[in-house]
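Both complexes below contain subunit A, partnered by subunit B and then by subunit C.
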Partner chain A sequence: MNDFIIETAGVRRSFGSHVAVDGLDLQVSQGSIFGFLGRNGAGKTTTIRLLLGFLKSGGGEVRVFNEVVTGPEGNAGLRRRIGYVSENKYLYPYMTVQQIIRFTRPFFPKWRSDLELRYMDMFHLPPNRRISALSKGMRTTLMLLLAMSHGAELLILDEPIEGLDAAVIETLLKELVALPATEGTTIFFSSHQLAEVEQIADRVAIIDHGRKVVEGALDDLKVQYQRLRVVFDREPASISWLPGADHVRQEGRTVSILASRNVEGIVEQARSLPGASVERFPVGLKEIFLEHVRGN
Partner chain B sequence: MKAWMETRWRLLGLAVYLLIALALNYRNSAGTGVLTTAWFMLTFLAISLGGSGVNSQAPLGFSEGVAGSTQFTISLPVTRLRLFAVRTAAGLVETTAVTGVTAFFVWDLFPAMRAIATPADFTRLVLTTILFLTAPYCAHAFFSTWSDEPFSMAYAGFTLILLLVLCHHLTPGVDIVRAFGQASPLQTHRLPWSQLAPSVISAVVLWLAAVFMVRRREY
Partner chain C sequence: MPFFRLNVSSGVPLYVQLMEQVKHAVETGALRPGDQLPTIRALAQELVMNSNTVVRAYRELEHEGIVELRHGLGAFISSSVSAKGKVMRQAQNIVESAVERLRSLGVTGEEIRRLFESELSATQVGSAGGRKR
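Let's look at the complex of A and B:
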């Protein structure tokens, strides 16, 4: 037993010859807000579908609430504890908002009518409007309502803020940040909106080509990663930088380095080079993300 | 609720069409074609309602997002088997109900029918029809687990025709068509079990195959 709500070990999944998820290890602690990042096609949605058991893994192990996720045939009880917002945001188009709530409610014995009313009001959802007549943003908020009102212990949200306006995003982010404290909920979400991820996530993982390239607490990553700008008085020859200089770009006399460890050593190395001056800058999540996925 | 919302318009539409067909036969008075008409329409109805895999059926006027809503359906905390079983049961109840209503109108509106059949024989005929309809219904249920409408309906129709032709050429003992002809309860005063066996066995096999598909398929 451990306190990880989600734990994957060496998970693989291919579609034909395309490897979508390649030996992925993830650990998500209870009560955390975990941002799961990657480019389009990096394997985020496949990973989420593996976590929910929609797909069967082609190797490794997926555990959610310490239960092994077996694939399409099993884990119905597990899904009672999970609130899910899918990437496509499709619900039954012929139902109204009120009808889909009435349809969904009986599946979840811990349904919270107080939260249902709160989110109906918060997201300004029209109860009698058909889902086919809702905007994509409204469909997203309706899916969020369904996921967040059933007393889920884990929210798995695939691009939950896509299509939402700035005001709704702000409201939603505040609500999501409060959930771990008020309800003890764990949140695992994927997003392309790095600024919003940075605003609420306490831990992030970045995947690229199905492999995890970065994982850590957001605060630690911000401390750990630094941008070094080394300016030489003339264009330098090729330099073999110390380990930790993850991404090095040279433009004329300037060398830009994203360092993930051994920052002091790399600074010392730069200063020891003839005619070099060194500046250090903090980096944001966007910069870490771009450096890791760019050109791969 | 979901099944009803998806199928109500096709159910009501076909029921109205069926009643019109019965009325036209009524005006032609002899009423000899009424059973053939009803049999044909009910078969079509069973195929139409049978698309009850895990995918949603597209009701009249709604197409966008119906297929995509499968992700929501499978995220609900019920087993695939239960999802499928509840849905097929709902569709079979609808089919049975329409068959019952049709039978009532045929019995009530056509004096010729009352002249050639006793209530017991007519009830046996209705039961024969319902048992026969399980085959086209389950054929569409099976094909809908891996194919979208209207292709799944077409495949189910072809499968039914194949079954009818095959049984017709095998031996009169398993000729399904005879269940509504020489071996009909109106002629023999008993249920045509041997002629119904291919339908019922096919329905069970197709339903089990559908369950197998539904439980393993990655939507």
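Let's look at the complex of A and C:
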């Protein structure tokens, strides 16, 4: 037994010769809002489909609520405990908003009519409009309503804010930050909107080419990563004296360094160089993200 | 309720920003000993931030003796911070006279700011948020 709602160990999945997920370890604690980041094609959606058991893994282990996820044939009970918003936001186009809600409700014994009404109102969804006539944003909010109204203990949201306007995003984020406290919900979501991830996530993982390149508490990462600017009074000969720096860029007399390990050591070394003055700057999620997926 | 405002993408951890704003509110007298802080849930929703982050800020503030967490009741500005207020006023005087002297030497405001920051980062680990341990 452990406290993790989601736990994967060395999980793999290939499509033909393409390795989509390559030995991924993830751990998501109860009540966490976990931001799952990566470029297009990094393996985020494949990972999400593995967590839900829509895809069979090609190695390693996936556990959700401490139950081993086996693949499409198993884990029906497990999926009932998860609210899911898919990347393509597909819903039967011929149904109306009201019909899809009535159609979905009986599958979930813990359906929450109070939340259903709350979200209908909150997202201004027109009950009698056909799904085929909904905007992309409305389709997304309808899918969120379905995922968030069935009493799920875990929400897995694949790009939930893509295509939503700023006002709806604010409403949604306000609701999401309240859920862990009010309902004990755990939220695992992928997004390209780094600012929104930065706003509500307590932990993040960044994957690239199916592998995890960064994971941690967001606030810890911001303490760990620092940008240093070293200005010399004349052009330095070499900048090879920076063991531990993640990224070093030199422009004339100015050297810019991104560091996540041994920051104090680097500062000390830089200060001891003749004619050098050192300044430090905090680093946001975007810079950390770009550093790790750059040019790959 | 004091008005907190966070800068999400500044790179300064949100819990640190929240801590500093509470401290600032205490230093300016906007929050006084015994005043109640918003509940974790209310503040998380108002600022649209993770409630675990609010918890972390409140716990660190408790650790530093600025806030008291009373079980089931919430977070209160601790009664011992008034002593800190006196120290802060003294500190303010020291900073004022230091800045005055530097200006008389022709050092600009921007240069003074950078000197302070550089001095702090040289003496303090994890200086991004001025976090004390």
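In the analysis below, the second predicted complex is superposed on the first by the 288 of 296 C-alpha atoms of A that agree within 3 Å, B and C clash if a C-alpha of one lies under 4 Å from a C-alpha of the other, contacts with A are read in each partner's own complex, and residues count from 1 in each chain.
The rule we apply is simple: a contact is a pair of C-beta atoms (placed from the backbone, for glycine too) under 8 Å apart; a residue touches a chain by one contact, two chains touch by 3 or more.
All values reported here derive from a predicted model rather than from experimental measurement.
Trainee: So, does A:73 touch the first partner subunit B, the second partner subunit C, both, or neither?
Mentor: first
Trainee: Classify the contacts of A:54 with the two partner chains as first (subunit B alone), second (subunit C alone), both, or neither.
Mentor: first
Trainee: Looking at the overlay, what does A:24 touch: subunit B (first), subunit C (second), both, or neither?
Mentor: neither
Trainee: After the superposition on A, what does A:223 contact: first (subunit B), second (subunit C), both or neither?
Mentor: second
Trainee: Regarding the shared-chain residue A:170, is it in contact with subunit B (first), subunit C (second), both, or neither?
Mentor: In the superposed model, A:170 contacts subunit C only, not subunit B.
Trainee: Given the touch rule stated above, what does A:281 touch, subunit B (first), subunit C (second), both, or neither?
Mentor: So A:281 only meets subunit C here.
Trainee: Given the touch rule stated above, what does A:64 touch, subunit B (first), subunit C (second), both, or neither?
Mentor: Neither: A:64 stays clear of subunit B and subunit C.
Trainee: Touching A:97 in the superposition: subunit B (first), subunit C (second), both, neither?
Mentor: Neither partner.
Trainee: Under the contact rule defined above, give the subunit A residues that sit at the interface with subunit B and also at the interface with subunit C.
Mentor: none
Trainee: Hey, which residues of subunit A end up touching subunit C in the complex?
Mentor: Within the complex, subunit A contacts subunit C at residues 31-33, 170, 173-174, 177-178, 180-182, 194-195, 198-202, 218-220, 222-223, 225-226, 264, 267, 271, 277-287.
Trainee: With touch defined as at the start, can you tell me which subunit B residues reach subunit A in the complex?
Mentor: 1-2, 5-6, 56, 59, 61-62, 64-69, 71-72, 74-80, 82, 215-219
Trainee: Show which residues of subunit C lie in contact with subunit A when the two form their complex.
Mentor: 8-16, 40-41, 44-45, 48-53, 56, 114, 117-118, 121-122, 125-129, 131
Trainee: Which bits of subunit A are touching subunit B when the two form their complex?
Mentor: 52, 54-56, 71-74, 76-80, 82, 84, 86-88, 90-95, 99, 102-104, 107-108, 131-132, 143
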